[in-house]
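Letters A, B and C mark the chains as written, and numbering starts fresh at 1 in each.
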Amino acid sequence: MTIRRRKELVRELEQRSFSADASAENPGAAENGAKEELASQIGEKDGIAERMLRMCRQNKLALVSAIVILIIILLAVFAPLIAPYGEAQQDVINRLQGPSLKHLFGTDELGRDVFSRILYGSRVSLIVGILPSLIALVIGVVMGLLAGYFGGAVDALIMRLADIMLSIPSLLLAMVIMYTLGASTINLFIALSMINWASIARVVRSQTLSLKESEYVEAARSIGVSSGKIMFRHIFPNCIPSLIVLFTLEVPSSILSESSLSFLGIGVQPPAASWGLMVNQAKQFLFTQPWLSLAPCISIMVVVLAFNFLGDGLRDVLDPHMKNS
Amino acid sequence: MAMSEKKEKETVTKTDPEDVLELHDLKSWFYTEKGIVKAVDGVNLRIPKGKIVGLVGESGCGKSMTARSIMGLLKFPGRIAGGSILFDGKDLAKLGEKELRSICGKDISMVFQEPMTSLNPVLKVGRQVSETLLVHNPEIGREEARKRVVDMFGKVGIPEPEKRYDSYPHELSGGLRQRVCIAMAMICRPKLLIADEPTTALDVTIEAQILKLMQQLCAESGTSILIITHNLGVVAEICDEVYVMYAGRIVEQADTFELFDHVEHPYTKGLMASIPRIGKNPERLYTIPGVVPNLLHLPQGCAFCTRCPCATEQCRTEKPVLTEIREGHWSACFLNQAKSE
Amino acid sequence: MKQIVKRLLETIVVLLGVILLIFIMLRVVPGDPVTTLLGEHVNQQTIDRLTKTMHLDRPILEQFFLYVGGLLRGDMGQSYKYNRPVTQMIMDAFPYTLALAIMASIFAWALGLILGIFAAVKQNRLPDHLFMGISLFGVSMPVFMAALFLQYLFAFKWKVLPLKADGSFLSMILPAIALGWNSAGSVARITRSSLLEAMQADYIDTAKAKGLLGRAVILRHALKNSMLPVITMMALQLSSMLSGAVISETVFAIPGIGRLATSAIENRDMPVLQGTVIFTTVIVIAGNFIADILYSVLDPRIRKAA
């Protein structure tokens, strides 16, 4: 967004100050979206918490998704208390059993209880979903702020690096990293963090670019506030709504990447349980014991779907103009 | 009180053959989550054949919504909640989408405020104009349509019309784009042209040219114009009759000279006083105090009472009705009505 | 023209960056590739000979330039495991991946556009919610899940399509749907939002005021404008589609590029992994470049500026 565009908006608002009060609910003046854009450009908007509450009231699907996510997190935290069997507790006599009261989702080829393994697996999936997204968020914010604020060579360098990261298909990039570092859960963190920062950096950069030109940042600069302070005190807080949305949508994509890598056998290594790994081990029994594959697949999908619905709902209230991508 | 009720405006409830378009008690309401916003609330308006009628008011007073209601362009959650739009013996408010579209562009056409965005950026301007022609007269064929469009481009004063036919909107200046829009609106020789702030986005020097052009073209084809503007200067320039609108209602109505000579409604007085005039001290430019009231929470009485310098207790509790205070001059104000009695 | 050249230069810089990045990442791997390759018990002479042919005795930057030089001649090195030219192996595998990607794209685009346009036209009504729900399901479903699910139902249960790919058209249908399902969801969502945005534009009012009916307004005025972001999306989808191809090829045993990459990891066959990743990335970058050109062809505002 260029300075010209912003000036247009300000002018538009000034013109409308003649009827400012009415324009809040006045459909005659402008479309809803334009109004919100106007308000968010100028900085008159509800707080993040208020808007989230509004989402909970208006978007039942997002609310349900948030509750589902909460339940899954609780299940993962208390997995040892809830799981009827141990993560790797084998019972070879009762191997490959169908679902029953004793084994809700049946047992696998070593006689391990699938339900218990799903519960334990949720810990890996959630941690792998959330932690690398957080790391990627931090890297992305720093890179984006630096690129947008300083511009010039710094910008060119960081953005070319982001271009490079974004043009390698993510799974293949992860495969290269896993090849180099070796397959393990920790290395998975590193690989996923490295993949995801670039897209976040792009968003932060573009927001920084538009905020950099705003009056209050110019004012801050003119009275000698340091660059670091301007970036983190003045620009960064304005990016938070978008970052919440980005983070919520980054988590499911990390979970999908993890499950894909584990499915290929180059992610989480046995005997640890991860949903992707469970599918990997179960796929040889697909035609004889399909439930073995079904249970982890459904689990992945429920979690990913819940995060996606929540992310969509958050985007509607926090960042209505972010593109669907 | 009793007197004013008797004198309530009833004359426009029957159709006059001399009118192109008549709005009867038109209500366009927006059903929002926070309540019903009555953007247009009971507007009566008539456009005589061959005349130019102005609809004036501040932004957000419902004048654009009136125009959009006629063309069936209200956006969700707005819809026509009552009243009728009589055109050619038909009530446009009750027509189906298909029938309404067969009238739009052919018999009633519209010029929008923003020539920058009202043309499709990815289509050639000539194609966009000929599209209007072909939608309503598919039999004439592309060749003929092109010829007529080029002709029309010449008439609206576009230089090198043959070449401009294949231009894209971004290659034309604002004034030229608005000429294209006028060509588009006039190509089917409509009976009514609705111009929604047609010159607001243009330079002042071009404004006069565009107004002249519309006036001249419409005179040639006998087209009536409904011109929507916040600019009383535009009204003074070309309008025959004026309706002043405030908060979804008509507050004053008269022919142009009558209105400019004898302003009655305090709101119109405010509008007149806020036109900058050469020779007067610009620092003391008048502005109407306050802002347009929130349409969701209108005052109980007259919608203007919060800003009116001469509001009385009656104004705050009762809604004034549009009443004829002098021959051909109507006003919705208790003070004017008391004076005329 | 000037912009195209500038874009081309940028693309080349990114391409070199990609090659450098992958090159370095694969060379910080612990352990000597020669011993990995030959095992512990070989004489020093063999090791020396191999080190020399693989340029492993040169500094890493020199190795890099040698590699890029080789790339320009179409030489991507030799496979450790099979001792064949990597280029040859990739060229053998590529037709499978290409066919898979094309079929998946057709499926994704056909389904995604239909769902997206329908949802936008029926905004906030049942078809909209239904189609957007389906799309989000598509986006949320891992490729391997779709693949296993389709394989179980169509190949095992109902036996209407082959279980494993044998190169025939029929055998590619399931892998293509499994792969395209995901993208279809994204395409549907972006189509809907971009069409809805276009429908808000002023020129849509103009079109209606001209007397155009709903469908003509959408087809003639909104759709062309809304396709611009969708084309950008197409290029972005190419990358995730090639990621997904790895999975789909694994499940259906298709001897394509993705399969080549996974087996390269299993065999610790670095030149093959390097070759496949670079090759795939080149395709993605080329796709993005073409999308940019296409974008400017479709948008007269950019076309004139270029």
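In this section, a residue touches a chain if its C-beta (ideal position, glycine included) is under 8 Å from a C-beta of that chain, and two chains touch if they have at least 3 such contacts.
Just so it is clear, the structure is predicted and the values come from calculations on it, not from any experiment.
Novice: If each step moves to a chain the current one touches, what is the fewest number of steps from chain A to chain C?
Specialist: 1
Novice: Going by the average position of its CA atoms, which chain sits the greatest distance from chain A?
Specialist: B
Novice: Central chain, going by Cα centroids?
Specialist: A
Novice: Based only on mean CA positions, could you tell me how far chain A sits from chain C in angstrom?
Specialist: 22
Novice: Per the centroid of Cα atoms for each chain, what is the distance between chain B and chain C, given in Å?
Specialist: Here the centre of chain C sits 53 Å away from the centre of chain B.
Novice: With centres defined as the mean C-alpha position, give me the chain A-chain B separation in Å.
Specialist: One centre to the other, that is 49 Å.
Novice: Taking each residue of chain A in turn, which ones touch at least two of the other chains?
Specialist: In chain A, the residues touching two or more other chains are 31.
Novice: Under the definition above, what is the set of chain C residues touching chain B in their complex?
Specialist: So the residues of chain C in touch with chain B come to 124, 201-203, 205-214, 216, 220-221, 224-225, 298-301, 304.
Novice: Which residues of chain B touch chain C in their complex?
Specialist: Chain B reaches chain C through residues 68, 71-73, 76, 97-98, 101-106, 109-110, 112, 114, 117-123, 128, 131-132, 135-136, 168, 170-171, 181, 184.
Novice: Please give the residue numbers of chain A that touch chain C in the complex, ascending.
Specialist: My answer: residues 31, 33, 160-161, 163-164, 166-173, 175-180, 252, 256, 259-260, 263-266, 276, 279, 283, 286-287, 290, 293, 297, 300-301, 304-305, 308-309, 312, 323-325.
Novice: Could you please specify the touching residues of chain C with respect to chain A in the complex?
Specialist: 10, 13-14, 17-18, 21-22, 25-26, 28-29, 136-137, 139-145, 148-149, 151-152, 156, 186, 189-190, 192-194, 200, 229, 233, 236, 239-240, 242-244, 246-247, 250-251, 261-262, 265-266, 268, 270, 273, 276-277, 280-281, 284-285, 288
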